[in-house]
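Below are structures written as C-alpha cells.
Heads up, the next two complexes both have subunit A, just with different partners, subunit B and then subunit C.
Entry: the complex of A and B
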C-alpha cells in the first residue's frame, strides 16, 4: 500500500495517458457512427445513444441470459465453464452489432424515410422521439433482477507498465477504434462508399447517376447502428463507468458525451471524430487526474464538464468544428 | 426513341411550368431544345430523368415513352438503367470526390461494362486521364464540364440529355464541347441538347425546338431554323440585314408584339 501511495510521477502519468487514449478511442467509435449518419443523410441523430445502449443490451442478453443456440459455452474456444471464450465472445459481439444495425435500419425505414425532403429540424425532432421510445425499452430491460454483465473475457486483468496498471481493456478499446476507422476508411473507397459520399455531396446529382438514395441512407444507418453497439460495449468495460455491466449510467454518457466530440471535430468529418474523441477523452481523464487536488474549489465530478467547456470554446472560435465543412447548416 | 407528348408539369401544386409539351427524339439524332430563361427547358430534362420529385414537381398530364415503354413516373435509378443519362445544368460534379470516383458514380448502374465505358471516356477526354486522382472541386470549369459529360457517359447511355453544356465556358471551350457532342453522337447515342447558345446548338442538331412559357412555339429542321429571320432576331440576337430596311438595327416594339400574336395564333 505504501508503494501505491508514493507512486512515481511517471507511473501516474503512464496510467493516466493510457486510460485517456482508451477513453478517447471509445468516444471516437461512438462519434464515428453519429458522423456517418449525419454525413450521408444530414440527419442529426439524437437517438444514437439509445440505439447504442440497446446494442449493449442485445450483447448482454446473448452472453448472459441465453447464450447463443449454436455456440454453447462448453466448446473448445471457451476458457471458463459458464463464460464465453474470446473467440466466441467476439463472434457474439459481431452478432449483436448485426442486430443493432438491423434495428437502426428498421428505425430509418419506419420513422425517417417517410420524412425525406422535410425540414431537417423536423427530422432531428423525430430522432429525439425515437430516443425517448428506445430509452423506455432500455430502462425496462436493465431493471431485470439479473445483473446485466457483459462477461468480458479479459475482465479486470492488467499489465504493469512503468509501475502503472494498464488494463487489458485499454488495448481492446484501441483495437475497436482501429477496426472501426479501418473499416470506414476502406468502405468509403468501395463502390457503395463512393456512392454514399456522392449522396452526401449532392443528393440530386447522385440520383441522376442512378444511385438509389434511400438505400444509401439505409446502409448509413446500419453502419451507424453497428458502430453504436460496438462503442457501447467497449465503454462498458471494467475501468470505465459501468464496470463491466450494462447499467442505466451508460445511456446519458453515450447520448451526451458524443456531442462535444462531434462538435469539436466537425459534424461531417471522420478524421474529426477520431481527433475529437481523443481530445475529449484525454481532457476528461487528465483533468480528473491532475486537477483532483483542487476538488475543494472545483467540486466533485468536475471532470465531467470539462468536455463541454472545450466544446464551448471550440464553438466560439470555429462554429463548424475543427475539421467540419465550413458551411452554414441549420439543424 | 424518346417521345414526350403533351406533357404538363406543375411545381408545388400551383406553378404550371410545362403546358402541353411534345418533343420526339428519334434514335441517333441530335435534337436541340432552345428557349430563354424560365421557358421550362430544365424542367423538361428533370421530367424525363425522374428528378421532378426533388423539386416538388409532378407530371399532371401527358406521357413520356422511351423505347415503347411509359417512363413518366419511373424512379430515376430505373430510368438511368434503361439507357437515359443526363449532364446536369451547372455540371454538378462531386467536388469532394476524385475524377476516378466521380466516373465510378456514373457507372453505378452499369457495373458490367464499367471498364469499357471508362476507357472510352478517357479516350474522349485525355485531359481527365491526366487528373484522375485529383479532387473534382479543384478543377477548372472546362475540366469539370468534361468530367460531367464523362460521368454521364459511364452508364453507357443510348440517349444523353445535356442541359446547357456551354454555360459559363469560354468560346474556345464551347467549340470543344460542340466537337465532343458530335463525336458522341457519331457513335450512335442520340442527344437532347438543351441550350441558350442557339448558334452552337443548331449548328450540330438535326432538328430544333424553340420553347417559350412551357410550350413549343416553333420547330423544324435545324438549318432552316438557323436561316429563319425571326429566330435570328429573337433567339440568336442577330439583327435583320435587309438592305432596303431603313433602320436595320432593331425592330420596333410593335413588331415584337405582332410577332407574339402571330406565334400564339400559329401554335
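Entry: the complex of A and C
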C-alpha cells in the first residue's frame, strides 16, 4: 500500500516535471523571439503575440483548408481524409514560419523603420498598435465553424515512463527549443550575426563600420516572426491548453505569458530567455499540480498568474531581471 | 494696453490661468453649449445627417464622459509623470469593486470578510455590499484605488521604462484573477454582479426611504419643475459635472508645485533629483493620483454598464487609454479630452456609417455603388472589406473588428506622423493663423 502511494507520487512528479520542461521550452521559444528583436532593434515587440497567432493560423490554413484566401489554386497538401505525414507537416511548418517571417519584415519596414532613433517608449507603443490591429484579423480568422486544428501527426500519443503518461508533444517542444536556440547560437557566430551583435551594441558605430543597419533590423524581425510562429504552433499541441487547435482565448495571451520570462531573464539575454522560460514554465505547471488542493481558495486557473507573481517578486529584488544589463543613465 | 496686445501677460497669475485667452474661453463655452444642446435634443444639432441622429448619441456620449475621467488619470501618470503604465484597467477595477462593496446590494457585515467562504462560514453565492449612497462610494472608489496604487508603488517606482510597462501588464492579469478568486466581491466569474444605480441619497438604500432617492439619475423625471429629462439625459449632466470637476482638478494639479515636479521627473528624472525633487515620492504620488482618477472612472464605468464581470478589466481596456493619450496628445488636458472624444466615439460613428451605407447599397448611383463595394455578406466573392453577416469568416471583417484595426492603425500613424496627437495638429493650425498672412 505504501509502495503504491510512493509510486503514484513518483508518477505524478514525472508527469508534472516532463510537462513543466516542455512548457518551459515553449515559453523559451516565444521569449527568444522577443529577445532577438529587442537586442537588435531596441524594440519591445508587443505585437509578438499577434504575429505568433497569425503564424499558427497560417499553419492551420495550410494543413486544413482546401484553398488559400485570395489565391486561385487549391491546397495541394490537403488530400481528403489523411493527416499529413511528419515530413510533410514539418515542411508546411517551415513554409508557415517563412510566411510569418515575411509578415514581420513587412511590419518592420512599414511601422518600425520610420521611427528609428525615437524613444523606446514610442517604439513599444507602436508595436502595441500593430498588435491591436493584427489581433482583430486573428480573431476573425480563428472564428470558423470548425476548430482551427493544426493536425499534429503525433496527436495525443504518449509513452509510459515510471507510471506517468509522457506525451510525444513534450519531446517535440524540447526539440523545437533545442532547434531554435541552436540556430540562434550558430547564427550569432556567423558574419551577419556578428553584425547584429554590433548593431545591438551601438547602432551608429555599426553603421560607421559599413554594416547595413536596416538589413540587420529586417533580419532580426524575420527571425523573431519565425520563432513566434514556431512557438505558437508548438504551444497548440494536445496536452497544453489549446488541445491541438488554434484557440480564440489562449493564443492571444500567449506572448503576454512570455513577458514574465523575459523579465526574469532580462530583455536582452538569450541565455536568460532559456533559463527564464524553464523557471516560469516549471513554476506554472508545478503550482498547478501541487497546489490544486487549494483551488477553492486560489480560484480556478490560478496557475496562469503564477508567472506574474514571480515576475513582481523578481523585480522587487532585481529591477533588470536576473541576466539583464542595467540601463546606464546619463545626467 | 492689454486690449491692443492680447498675448501680453503682465503677471504670473495671468500666464498660469486655466483659460488664458479669450478664444479658449469662447471655445470651451461653445463646446459646453453644444454638448448641452445635443443632450437636450435642441433641433439645430439633430438636423445633422442621418447617421448622426441626435439623441441616439447620448449613451455613447455618457460612456465617453466616463472614459474622460479615467483618461485624465492616465494623462497624469503617462503624460505628465512619464511613467508608461498599461495597468490602468486594473486600477479602474479596484475602484469599481470598492464602489460595489460600499454601494451595492448585499448581505453586508460578515460577507465583506474575504476568504470566509473557505472557512465554511457562508455560502459562496453571498454578495458583499453595504448599500451606502453615492457621496460615500464615489470618493471611496478613488481613495481605494489610490491606496492600491501606493501599495504597488514599491515595485513600480523601482523599475523604469519598458520594465514598468511589463509590470503593469502583469498587474492587469493578476487583478483579473483576484476578481475570480473573490466571488463575494466580484460576483460571478463571467457575468459579474449588479452595481448600484446612479442616484443621490442621504443615507443607505434599505433604511426606510426605499423608493425615493433625492435625485434619481436612472429614471425619467422632471428637474426644477419644468425640465423634462430622460434617464440618460440626467446621467449625461451628472457625468458632465464630474468631468468638469476632474478637469479643473487635473489642470490645477499641473500648474501647481506638484505638477511641475512631476513634469521635471518626466523630462529627465536624474536631473530632477539633482535639483532636489524627491523622485520616488513624487512618482508614488503620481501613481496614487492617477489611480484615484482611474478608480472614480472605473466605478462610474461599472455603474453605467450596471453589470460587469472580472474579464472586463482587461489589457485591451488599458490599451484603449494609451490610444486615447497618443491620439489626443500626451501631457495636455485638452489633448486628452480630444483624444477621448475621438477614440470613444469613433466606433459608434463607424457603426452608424455602416448602417447608413447598407441602406445606401439598396439605392442606385455612385453612393449605392460605393456602398456595394464596401459591404459584403460573405456569400459572393466580391472582396468587400466590411462583412455585414456573421457567417462571413476570414477576410471580410465585421464592423466591431474594423474598429480595432482602425484604432491600432491610428496609434501607429499618429506616433509616426504627429507624436503630439490631435493637440499637435491643433497647434499647427493655430500657429498658422496666428501669423497669417506671414509664415511666422
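The rule is simple: the second predicted complex is superposed on the first by the 302 of 331 C-alpha atoms of A that agree within 3 Å, B and C clash if a C-alpha of one lies under 4 Å from a C-alpha of the other, contacts with A are read in each partner's own complex, and residues count from 1 in each chain.
Here is the rule we use: contacts are C-beta pairs under 8 Å (C-beta built on N, C-alpha and C of every residue); 3 or more make two chains touch, one makes a residue touch a chain.
All figures in this text were calculated on a predicted structure; none of them were measured in a lab.
Of the two partner chains placed by superposition, A:98 touches none, neither subunit B nor subunit C. When both complexes are overlaid on chain A, the residue A:209 reaches subunit B alone and has no touch with subunit C. Of the two partner chains placed by superposition, A:174 touches none, neither subunit B nor subunit C.
Judged by the touch definition given at the top, the superposed model places A:195 against subunit B, while subunit C stays out of reach. Judged by the touch definition given at the top, the superposed model places A:111 against subunit C, while subunit B stays out of reach.
Residue contacts after overlaying the shared chain place A:312 against subunit C, while subunit B stays out of touching range. Counting the residues of subunit A touched by each of subunit B and subunit C gives the higher count for C.
By the touch criterion defined above, A:291 lies against neither subunit B nor subunit C after alignment on the C-alpha atoms of chain A. Within subunit A, no residue touches subunit B in one complex and subunit C in the other. Across the complex, subunit C is touched by residues 44, 69-70, 111, 114-115, 120-122, 124-126, 128-137, 139-141, 143-145, 253, 256, 259-260, 262-263, 267, 296-302, 304-305, 308-309, 311-312, 315-316, 319-321, 327, 329-331 of subunit A.
Taken together, the subunit C residues at the contact with subunit A in this complex read 84, 115, 117-118, 154-155, 158-163, 165-167, 169-171, 173-174, 177-178, 180-181, 189, 268-271, 274, 315-316, 319, 322-323, 326, 393-395, 397-398, 401-402, 404-405, 407-412, 415-416, 419.
Interface of subunit A with subunit B (complex): residues 117, 191, 194-195, 197-198, 200-212.
Of all residues in subunit B, only 49-51, 54, 56, 75-77, 79-81, 85-86, 88, 92-97, 101-102, 104-106, 108-109, 111, 151, 155 touch subunit A in the complex they form.
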